[in-house]
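The structure under discussion appears below in the form of structure tokens.
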Amino acid sequence: MSRIQEKVQLIRSERLTDDNCRLTLASQSIAEAAVPGQFVMIQTASGHDPLLRRPFSIHQTRNDATFQIVFKIIGRGTSLLAHCREGEELSVLGPLGQGYRLQPDVPAILVGGGMGIAPLLFLARRLMEQQVLQAPPQVLLGARNADELLSFLNEFQALGVRVLTATDDGSHGHSGLVTDELKKLNPLSESVIYCCGPKPMMAAVATICRERALACQVSVETAMACGMGACLGCTVPLQDGSYGHACSDGPVFDAERILWTV
Amino acid sequence: MSRIQEKVQLIRSERLTDDNCRLTLASQSIAEAAVPGQFVMIQTASGHDPLLRRPFSIHQTRNDATFQIVFKIIGRGTSLLAHCREGEELSVLGPLGQGYRLQPDVPAILVGGGMGIAPLLFLARRLMEQQVLQAPPQVLLGARNADELLSFLNEFQALGVRVLTATDDGSHGHSGLVTDELKKLNPLSESVIYCCGPKPMMAAVATICRERALACQVSVETAMACGMGACLGCTVPLQDGSYGHACSDGPVFDAERILWTV
Amino acid sequence: MDCLIEKKKNPALAVQIGSLTLSNPVLTASGTFGYAKEFESFVHLHRLGGVVVKGISLEPRAGNPPPRIVETSCGMLNAIGLENVGVERFIAEKIPYLSNLNVPVFVNILGDSVDDYRRLASRLAGVDGIAALEVNISCPNVKKGGSAFGSDPDVAAAVTRAVKQESDVPVVVKLSPNVTDVTVIAQAVESAGADGISLINTLIGMAIDLRTRRPKLANVIGGLSGPAIKPVALRMVHQVAKAVCVPVIGIGGIDSAEDALEFILAGATAVQVGTANFINPRASEEIVEGIAAYVDEQQLGSICELIGALKIPGEGG
Amino acid sequence: MDCLIEKKKNPALAVQIGSLTLSNPVLTASGTFGYAKEFESFVHLHRLGGVVVKGISLEPRAGNPPPRIVETSCGMLNAIGLENVGVERFIAEKIPYLSNLNVPVFVNILGDSVDDYRRLASRLAGVDGIAALEVNISCPNVKKGGSAFGSDPDVAAAVTRAVKQESDVPVVVKLSPNVTDVTVIAQAVESAGADGISLINTLIGMAIDLRTRRPKLANVIGGLSGPAIKPVALRMVHQVAKAVCVPVIGIGGIDSAEDALEFILAGATAVQVGTANFINPRASEEIVEGIAAYVDEQQLGSICELIGALKIPGEGG
């Protein structure tokens, strides 16, 4: 596995909404090695507080040897990152984890919610690149409001994928849950559902897929200390009674392996 | 005592030399209340590391309701401060401590070394303002090299005080110690020596003054947690066997009260 | 902030330590708040639940030589060595100011022998303006006694009994965290009559200067305080609150209302703010305000509903 | 960095633990370095003084439910619950890789009874590729036993004796800091035949989520590690190194060569890097490099000149 720890330059810092940020980081090695669904761990402070790196999914990689992350400011680590200046260097560890297992020869449905939308762009692009014989992926995006969607919508549309949206406040697309949209679809039985979003959404998607016997891959979030299988902290309870580890067995798991407890 | 804890805007950040910085901070209340020799405590990080505020002498106050500090980057706290952006807000506590006891009616000699030069500018200005009947203060400044001196020299000279300099490398003024210059002077017996600088320098000045029975005030540095007399951490051993506290009894002490142990 | 003047005696915030009612659960920790006067320009002292003053001994103490403090990661070590003015000067010089503050004053006492504690309690009995005694059996800095009192349940109980016999105000015993099982000491002092238990005092630590190859503290070892120790403090408060019936006062790394509320959930009836006073001299009052806001927002009838209200999955509740 | 390839067996860095010579004093701490393989893309494993693997029990353990870790100020709590593959799979699956690394491998063992420890030692005796055993009598996470082994000198000694009887490699006993007097335990395991003592394991702590009013760890309590605990670790290493004659391995919050050198000055013969591996996976090797640079710069004939070389004013030296 080609994991890298690097000092990486922050090329661009954008505020997508009030509390959503996108960072563009320069690293040829990470940009080249990453696959959709993988993540990086970033050090947010020079001292010991916050102590641990923070995990972020790779939003997309770029030909110019950069990659991007998108995150919501929720605590100290993310707010420190949001205040980093362009030109500063950040310590990045990555790419980490098992990404989505791409199945380019069957229909794909991507279901993203909130921040979980971000890594699906990378996935959609790769699928479009590889999935020559199929119809373009169907992308379902859910968010609190139009604001949170609009930053990504153009980019998905530019890829040529079909996009359906849902917002909590009805300000864009369906007014309600993205899973409502999923239920309306009648996917072919060999379709794969790729999912990333809040746990309740993923659990709902998993249920829908189980009921319809559809393959489903989800990207889970847990607390993480190391991101590389060393601390055993990132436990994911599995159906078979054992524990998986989000950073090394995942973050992408087959939905049916997971013991959903919401 | 009018101590203030305020969020204060950083108006200007200057790099005077490679590792010397000057910050200009906006606070009417601190600028108005401060007297020479007093200090402020500044929080250098938003988290808990570094935990404690850092003490800095007031370099000078300005009519436009700002004050300045000058510091050397030596560790994490000072390097965080040096990287603060203009416009940012810093939490400042001050003015703190007992400053110099100004004696405007007797001749004054100011002896500064290294970073200890900075607060003497404030003192020289106040003395010039108050000391109408006397000759202007004699200022002796010592530093490692011309670079460290030049940032301040003009400002002292603009006040109209008489300045003598000494540098370790001979790049400005006398080549050697500032105490050599002090020894050459023949001050009137009622003169007051106001001193700020590294401990060995202050101890040497104290010895010279004791030998010549001259009054001498020194500004001491100790580790500090609170800066306001609460933690009892900033101990200064005194001649009478007791302990003084740098933040509340000082930082300015009569040199003869102090037990010098270098 | 001034709107809070009216709210300051919000009855929902009141808590009880023995016979003493505190208007709110926020005290300041001994040794971190001077004799309160140092903070008068920052804090409306009467709005605090109480003030615990610097530890007082029979005779004045000069304390340890410098350096006495050193910063560590998210914490600090101190080896003040219990510098204090002694009980006589305390009564003569500090009590008059303190007793005018309209805030409960806890006097923290320390001695080298059971008899020292007894004499201190007896000297302070009847002195006006003292709301409670806090018996420090845990200070790690004084070589004589200090640490031993706090780690031997029998001696801890003996000190408690001696102080209780003499004292006319509630007696809180302050425990050391540097023990194998803090509940044993807690139960011993409870049985001996303590009206409350405060914890934790500092963890014993050390720092070394690589350049000089010497300890950073003249005293070699010192007491670790600050956010670094909060997880240990929270655990011990939780353990002790389950093990005793008297009120527990939680201490250790508290610097926000959230921190304080976590200690209350863990079982503390009140809390003390220590090292945080050094970084933000308004910390104690801001924590009172934060707790008041939380109680409002959560529509609690009384902060007491939160005491020990931690839900432990599998333990019901 | 590559220039260091030649220097890697710099004899000035070698230290001795019982009959075992380490090429330098830097080990990785159990539970923070996986089974070493996880770090192969970051660290030249053969350049480390040694690798201590995750604690191994007789049977595989699934460990605790999530959440298992939570960040605290300058530290973290973990309640992994000693998840491990069990001794048989360890021997079958992990030893082949480890024994090819050309680095001393310390196997950390843990059990619920003295007999568990004995059987583990006996099973591991004769297995190729094991340089030493580290006996974990200090893990706070398992309700059965765990903590008690480390806080009772007699039981600690019994475990040590049992392991020593069976083992054909040096035995290091790892102590818990959650005791009143760590030197008592240290002396007990020394008398029982330990070839070395490592400390500290984690401090017991707790964290609470105010929003849910629940403990942040499913296990309620967990072990505190990281820079926050360094002052406590340094103090205990100093105390133990003065109290015993066997080598001491210092652990706790080490994340730089300076930290490591401070522990060596305090009396440690070697050190272990723990939590720091999570933040900087190259930490252990960088610390080796930093110590090498220091030894060079200070022109020391051997790192051993530094062991316990702390100068305490008034104690001469």
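Should a chain be cited, it is by its letter among A, B, C and D, assigned in written order, with residues numbered from 1 in that chain.
Here is the rule we use: a residue touches a chain if its C-beta (ideal position, glycine included) is under 8 Å from a C-beta of that chain, and two chains touch if they have at least 3 such contacts.
Every value quoted in this text rests on a predicted model; they were computed, and no experiment measured them.
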Kindly list the shared contact partners of chain B and chain C, in label order. A, D
What chain is the most remote from chain C, judged by the mean position of CA atoms in each chain? A
With centres defined as the mean C-alpha position, give me the chain A-chain D separation in Å. 36
Expressed in whole Å, how far the mean CA point of chain A lies from that of chain C is 47
For chain B, jot down the residues that touch at least 2 other chains. 47-50
Which chain D residues touch at least two other chains? 72-75, 226-228
So how do the chains connect up here, line, ring, star, complete, or something else (other)? complete
Per the touch rule above, chain D residues touching chain A in the complex are 31-34, 38-39, 41-42, 54, 62-76, 78, 80, 83, 226-228, 275, 277-282
Under the stated contact criterion, what part of chain D meets chain B in this complex? 73-74, 227
Interface with chain A, chain B side, in the complex: residues 45-50, 76, 80, 85
Going by the contact rule set out above, which residues of chain D touch chain C in the complex? 72-75, 77, 151, 178-181, 203-208, 210, 212-215, 218, 220-221, 224, 226-232, 234-235, 238, 253, 258, 261-262, 265-266, 309-313
Touching chain D in the complex: which residues of chain A? 1-5, 43, 48-53, 91, 93, 222-237, 241-243
